[in-house]
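Order of writing sets the labels: A, B and C. Residues in every chain begin at 1.
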Amino acid sequence: MSIEIRNIHKRFGDFTALDNVNLTVESGELVALLGPSGCGKTTLLRIIAGLETPDAGRVLFGGEDATHTHVSERQVGFVFQHYALFRHMTVFDNVAFGLSVRPRKVRPSKEEIRDKVMKLLKLVQLDWLADAYPGQLSGGQRQRIALARSLAVEPKVLLLDEPFGALDAKVRKDLRRWLRELHDEIHVTSVFVTHDQEEALEVSDRVVVMDHGRIEQVGAPDDIYEHPASPFVTQFLGDVNLFHGRVDGAHLTIGDYAHPLAAPPGEGQALAYVRPHDLIVSRAADDALASGTVEHIHAVGPLVRIEVATGDGQTLEAVLAKEVFRELAILPGESVFLKPRKVSVFLADGDYSI
Amino acid sequence: MKLLNRQHSVLPGFGLSFGLTLFWLLLIVLLPFAALVLKTADMGWAAFVDTVSAERVVASLKLSFGAAGVAAAINIVMGFLLAWVLVRYPFPGKRLVDALVDLPFALPTAVAGIALTTLYAPNGWLGQHLVPLGLKVAFTPLGIVVALTFVSLPFVVRTVQPVLEDLEKELEEAASCLGASRFQIFRRVIFPATVPALITGGAMAFARATGEFGSVIFIAGNIPLVSEIAPLIIISKLDQYDYLGATAVAVVMLALSFVLLFAINAIQWWASRRHGGKR
Amino acid sequence: MSDVSSRATAEAAWVRVALTTLALAFVALFLLVPLAAVFWEAFSKGWQLYVDSLTEPEAWSAIKLTLLTAAFAVPLNLVFGVAAAWAIARFEFRGKSFLVTLIDLPFSVSPVVAGLMYMLLFGAQGWLGPWLAEHDVKIVFAVPGIVLATVFVTFPFVARELIPLMQAQGADEEQAAMVLGASGWQTFWRVTLPNVKWGLLYGVILTNARAMGEFGAVSVVSGHIRGETNTIPLHVEILYNEYNFVGAFACASLLAFLALLTLVVKSLVEWKIARAQAASLNRTREARLASA
């Protein structure tokens, strides 16, 4: 079932949580809402669920207006950030809840409910915990039970609020992969909220980047990472080095350095972003963007991170593969030159909101 | 944003629960209050002043509020000590003592009244040892203080206890590392943190004690001008069908307690702002 | 709290012993001795006289009236308390803190003044007095007045127990139930109520203790008609003033026993709540350790 969000506005007192948001989620897609805290992503998710009412705008499920459908009739699955498992019920009763509260006429029989619940518990690989209480489970287990509970009512769409937010790094990673696999298996239209760009890029089919109540960019993870549409998206998706320069014609100039642009954004003052792994470190001065003294070298793992202090007090960061680093054999205190492999350029006074 | 999100608008039943609350509040609390206000309005200003400035009434109001003040002061000191010992020091029977602190909430005041009177009467368990020392408790204002201390005992303990429990050990350890002595730590780190709770607890104890009746009438002796409390004046005026007089005294009592509660709320608001942000 | 870890932040041993002794002496003098005195006096003339004091007709009628009063006041305030807690803990609305203040109001009103207010409303010289007399409805000096005064003084207990509890628990579970298709009543009965049952029980038991033990307010509206409008506390007063100490303390011991029962239930409830919280906390910690 597809979800369409049209011209949604939402304010809390003086705070604008959502400012004219439009978005379409295709049937069967897994979409991530990504942004810093306060950007409106959770509010948007709750509006889709029907837990909040928008001040203006419409929500359509499969082309039909659901804006005024009450949450208990919207047939959505919602996984709360802190799971919201019913603490006085067993795992079984938690998962069975949605079926057992149906009106008698449409309620499945006890046996059907049991079969269904056990099937779901098997799906989340926790059927052995059916008689346990939520208080006895680990965070990751609670998360999976919350998911099973939301799936029991066969929701048209599945909504997850920071599904891995409260978990440890390792559990988080396992669950991420597991959610991806589960989605590939059941293929229900899913939207999840996260502030972790790695999570969004790794799990989802499409990423929606939000800031200040507006959508900054929508696209496939790879597309967003390689072609960020605004300075905000560029910075939010990972570490960057910032340079100030000018665009004239088809060239970006930063001091004496000139970089050819295939698609110049216009003319004038510009912000240029270079990711650390797109900076080439060398001892040769030719064609360098910047130069400086090596301050720190962090050589743990397959990648080596080098901090370079430039003459004007800026600290630049470069990341290179260990083999490249070994060949160069740089030491702290040495002077080096930096050259960009790839630059993202934005006009300084541009408007990038969509 | 999390905070603003807490508009639980999807849950139903607001109209029903709010309506029921308002209806019950109107019927049980506000309607009787209205009756009191109307009756007061019936009374001329001169008659009102006459009634409440009578010597017996003034003495009783002074006694009620004075004894309540002394009892609250005792409970602020002893309540803090009790809370401190319950939180910090291990001793056998701690759970029992902790449970017993709530006894004055659970024990009917009349029962407390007769028990205390029997104990402190000149021939009682405690009275027979105190009277030879020149300490007459029963049938004197001192007895009133004892009874009021009893009924308002749990308030300070129960407001200070959670604050002491939540106090971070690290604060004290940090102060200790910085060279503060144990007493300095208490005076400058621990005690200030408990001040808002002490004020709240003391205010609640005071408010409870000013209106107390059941436990006091037995031990007070009810001697006019000496040990007659304000609620008793109201009762005796009612017994003489002097509804207006009773109302006048009640209005003064209510006004005094409201003014005091308001002042204490203001102090508390100021204190929590000063120590602000902490919780 | 182990001695070793807290050495840097603990008092000298003599200070601890002195403070503990002082505190325990205070508890013994002000709480334990009066409680013991009640039972001591009640049984001072033997078991037979104790039983006789409780079974004589006037005592028996006081017991029945007290039970009747509680049977009205407790359920009424239970329903009100739950409704108030639902409105206050689950919704945002203007004037909420004012409403909370109004609910707390009966706590800051002297019971005697509370009784007086009902006299002014329903008494012979009261606001509705003439109308009530005309229609032959008796409220003050009768059971309805006693129930009303009792409802007034026990008004805030249930709401005050539930509101902080429900606010602390948040509405997540209820929202989850709604998303899963539950109706409002289903959510209330199957999610809200089981989660607050212990707090609710404590509120009810406090209401009950106060309802059965209220003296000041009931004293004003009861009229002290022996065998008719005397509750146990009022009966205790009469017996005591007649120097029938065994009778007075025998009835008082019933109320003291009720108070002890209240304390036991309270401790039990606190233990239950603490255990539930500790369990979920421990689990989270274990899970974190296991995955680290």
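Everything that follows uses one rule, which is that contacts are C-beta pairs under 8 Å (C-beta built on N, C-alpha and C of every residue); 3 or more make two chains touch, one makes a residue touch a chain.
Model, not experiment: these values are computed from the prediction.
Viewed as a contact network, the protein chains are fully connected, with every chain touching every other. In this view the innermost chain, defined by its CA centroid being closest to the centroid of all protein CA atoms, is C. Inter-chain spacing, taken between the CA centroids of chain A and chain C, is 51 Å. Centroids of chain A and chain B (each the mean of its C-alpha atoms) stand 55 Å apart.
Chain B and chain C have centres, each the mean of its CA atoms, that are 16 Å apart. Shared interface positions of chain B, i.e. residues touching 2 or more other chains, are given as 7, 9-10. Residue numbers of chain A whose C-beta contacts span two or more other chains: 50-51, 71.
Contact of a single residue of chain C with at least two other chains is seen at positions 175, 178, 183.
In the complex of the two chains, the chain A residues touching chain C come out as 49-51, 71-78, 80, 82, 84-89, 97-98, 101-102, 134-141, 149-150, 152-153, 168, 170-171.
Chain C makes touch with chain A in their complex at residues 172-173, 175-183, 186, 190-191, 194-195, 276, 279-280, 283-284, 286-288, 290-292.
For chain C in complex with chain B, the touching residues are 1, 6, 8-12, 16, 19-20, 22-24, 26-27, 30-35, 37-38, 41, 76, 79-80, 82-84, 86-88, 90-93, 99, 102-103, 105-114, 116-121, 123, 125-127, 148, 151-152, 155, 170-171, 174-175, 178, 183-184, 187-188, 206, 209, 212-216, 219-220, 232-234, 236-237, 240, 245, 248-249, 252, 255-256, 258-260, 262-264, 266-267. On the side of chain B, the complex with chain A involves touching residues 1, 4-5, 7, 9-10. Here chain A touches chain B in the complex through residues 12-13, 15, 17, 37-38, 40, 42-43, 46, 50-53, 70-71, going by the rule given at the top.
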